[in-house]
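This report refers to the structure that appears directly beneath it.
Chain naming follows the written order as A, B and C, and within any one chain the residues start at number 1.
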Amino acid sequence: MSSFFAVAVKNQELILSSLSRHLLICALSLALGIIAAVPAGIFLTYRKKTAKAVLAVLGVINTIPSIVLLGVAMMIFGLGVYPAIAVLFLYSLLPIVRGTYTGILDIDPKYLKAARGMGMNRLQILRVVQLPLAMPAIVTGIRLSAIYVISWATLAAFIGGGGLGDVIWMGLQSYNFRLVIWGALPATLLAFLVSWLLNRVIRLTQKHISREVAQ
Amino acid sequence: MNWPSVFSAVLTHLQITFFGVLLGCVIGLPMAVLLIQKPKLSHSVFAVIDLVQTVPTLAMLIFVMLLLGLNNRTVVVSIALFSLFPIIRNAYVGLNSVDRGTLRAAKGIGMTQLQVFTKVRIPIAAPMILAGIRLAVVSALSIATTGVFIGAGGLGMLVWRGIQTRNTAMMLSGAVPISMLALMLEYFIERIEKKLTYYK
Amino acid sequence: MVRFENVHMSYGEHAVLKGIDLHIEPGQLAVLIGPSGCGKTTTLQLINRLITPTEGKIFVNGRDISTVDPVELRRGIGYVIQEIGLFPHMTVKQNIEIVPKLLGWDEQKRSARSKELLKLVGMEERYLDVYPAKLSGGQQQRIGLLRALAVEPPIVLMDEPFGALDPITRESLQDEIMTLNKKLHKTVIFVTHDMDEALKIADVIILMKDGNIVQAATPKELLSHPANEFVESFIGKQRQAVGKLDTVREVMSARVVCAPDDTSVVEAVDLMRRQRVPSVFVLNKEGGFDGQISIKDIQSFSCTGDEMISRLANKQIPTVHPEGSASEAFKIMMQENIDELPVVDGDRVVGIVTRRSMVTSLAKVVWQGEAHE
């Protein structure tokens, strides 16, 4: 056991820098994903035919194993962190677009009728009614994306993107399984933490809604 | 291009996927049936399999590897673990989604509990159960690809060697079959799901 | 046939049934009725052991059912429920034949049985291979009924079976269940909350309140000698609508048989025979009222069978509005010497006034009048 921690101490610089790199890659890809996918999801609710096509294409992308997409990205953009971020960004799109799109379309039409009846315009309906009511579905999508991104980010190291995958890879190559764990464990804990946090956020948005409905 | 090696990689890949999802079904489907009987258990079971689902793929492979070693078995077990969530959840929801009136009628006309399951609940839930298996298969293909990092065979090997040696052709000889397999299996299972809802 | 001896049922502290004694004779159509929470559905579900009493004994066919295997018991008792509960993944044929199949009947016998049953409710054989999703609510409940009758159980339990159906379909299914009860000599135990339904179909009405039987009597007795004020008010509350006979709506029957104007004469005759009516209303392409054609008209015309009924229809027949005066309608029928008067709202047929519907409505008021004396 002591040697387990000794490995960590010995490689602390590598582990810490890999962890911060991992966080950076994940945060950046997820942020880009949210910025692109939420508005796209909203837009698609006005264009249902386009929506089908877009969701199908994103579905195909998410069907392809990530290491394959990483390989393709590497071929096109070369080694480095940017191709990795680009691929993770692509993966994050589907859950968020789908969550936003179905979240908005699943809203009981009576609320929209009421909102229109009060004389709200489209933008007001979106802001006051649709987005708050769809929020649990949107955050559920974001949570799913976050889990994907954190998971696949461990593979980014293999195309030179860095992150906790570096620790794992070095450990594997030197048959130093203790070091491998120091890559795998932080990644797992990060995934648990983010998943737990976003679950809390989902519950908060739901409470918010039930209170609104109760009034 | 080395066609025989691509072909044997496809076979290995399919084998790993098949046995992984099969193991997932063997554990998951009876578990779902159990949860229907004991709904109080469902909350904690779902919390656990959700947590399992959250573990990054590579990390899971590594944890299982520490127990089972660097080989295909590790990948099979990892796939089974990741399959639990979609399989159990879909089967549970599907079996529970059978209309209460239908169940009351089934009991009322004198079906035994076993008959209610085999003649009513399972046929009605079949498309949803299969949808769960489909999700498991698609993610299993991806996990099997990642398996290359802990020494497993399959198409991931070709992709990885291609990346390492900057050999585009080799990388594609793995990437294209994987993507085709994923898309084709997803399409075919979906077709069967549609066939199972013939009565709607 | 079915006997309850001091049956109690409670969930924890909450007593649902407080000592039920009940005897239903073979061949009777018994209706359990009462306000919600009175225990009528509980009573029904005790009979096929979907629930078990806390205390007391229940006998079916002389056997104490606590000694009978529930599965075996249920296979000998038909069960029809409000939610219908047809199996969505099975065809009409498979649904009807499920219990025979569980009992191991061979294909030939099963198939003959399902065809015979379908005929019983006037549905064609082509429905055999249809899935329930394609049937109307009324058709689904007919199949639900046939499924319950498949192995000729001597007893049929019906739990608000027509509660979710529209009034016209409900009326015709009530007629069918009465006919079946008489024709097949089934003991039918029927739960409802609708007093009109109970008075129409019951041989004996069992009125319940708070887990007790308040009165068990024939409809006539119940109306003429209500046991107490509760019975009186329960009948009264439910029947205020028919208490006075001012408008046509109160004396009409909502059960009308219509046919589109391109129906052939043969089909129209067939329809009348199946529905046991002497005439049908003709509807134009938009579904609006466009005359009436009676069996007498058809007999008196010389026409070929495949001629369309639109040419033969009597478009001059007088009609009345549902909110029109009932006595006016009566006068028209007397003056014109007609047996049937269509009730039309806009161009929609909403009902029919017949001599029978008038007499029935009158009789109900007269009976209730006696009850108050």
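We adopt the following convention: a contact is a pair of C-beta atoms (placed from the backbone, for glycine too) under 8 Å apart; a residue touches a chain by one contact, two chains touch by 3 or more.
This one's a predicted model, so the numbers in the text were calculated from it and none came from an experiment.
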Geometric centre: closest chain by C-alpha means:
B
Greatest separation from chain A - chain, by CA centre
C
What are the two chains with the most C-beta pairs touching?
A-B
Would you mind pulling out the distance in Å between where the CA atoms of chain A average out and where those of chain C do?
58
How many angstrom between the C-alpha centroids of chain B and chain A?
22
Between chain B and chain C, centroid-to-centroid distance (C-alpha), Å:
50
Could you pull out which chain C residues touch chain B in their complex?
48, 50, 71-76, 78-79, 81-91, 98-99, 102, 131-133, 144, 147-148, 157
Along chain B, where are the residues that touch chain A in the complex?
50-51, 53-59, 62-63, 66, 138, 141-142, 145-146, 148-150, 156, 159-160, 162-163, 168, 171, 174-175, 178-179, 182-183, 186
What residues on chain A touch chain B, complex-wise?
60, 63-68, 70-72, 74-75, 147, 150-155, 158-159, 165, 168-169, 172, 177, 180-181, 183-185, 187-188, 191-192, 195
Residue numbers on chain B that touch chain C, as the complex places them:
99-112, 115, 119-120, 123-124, 198-200
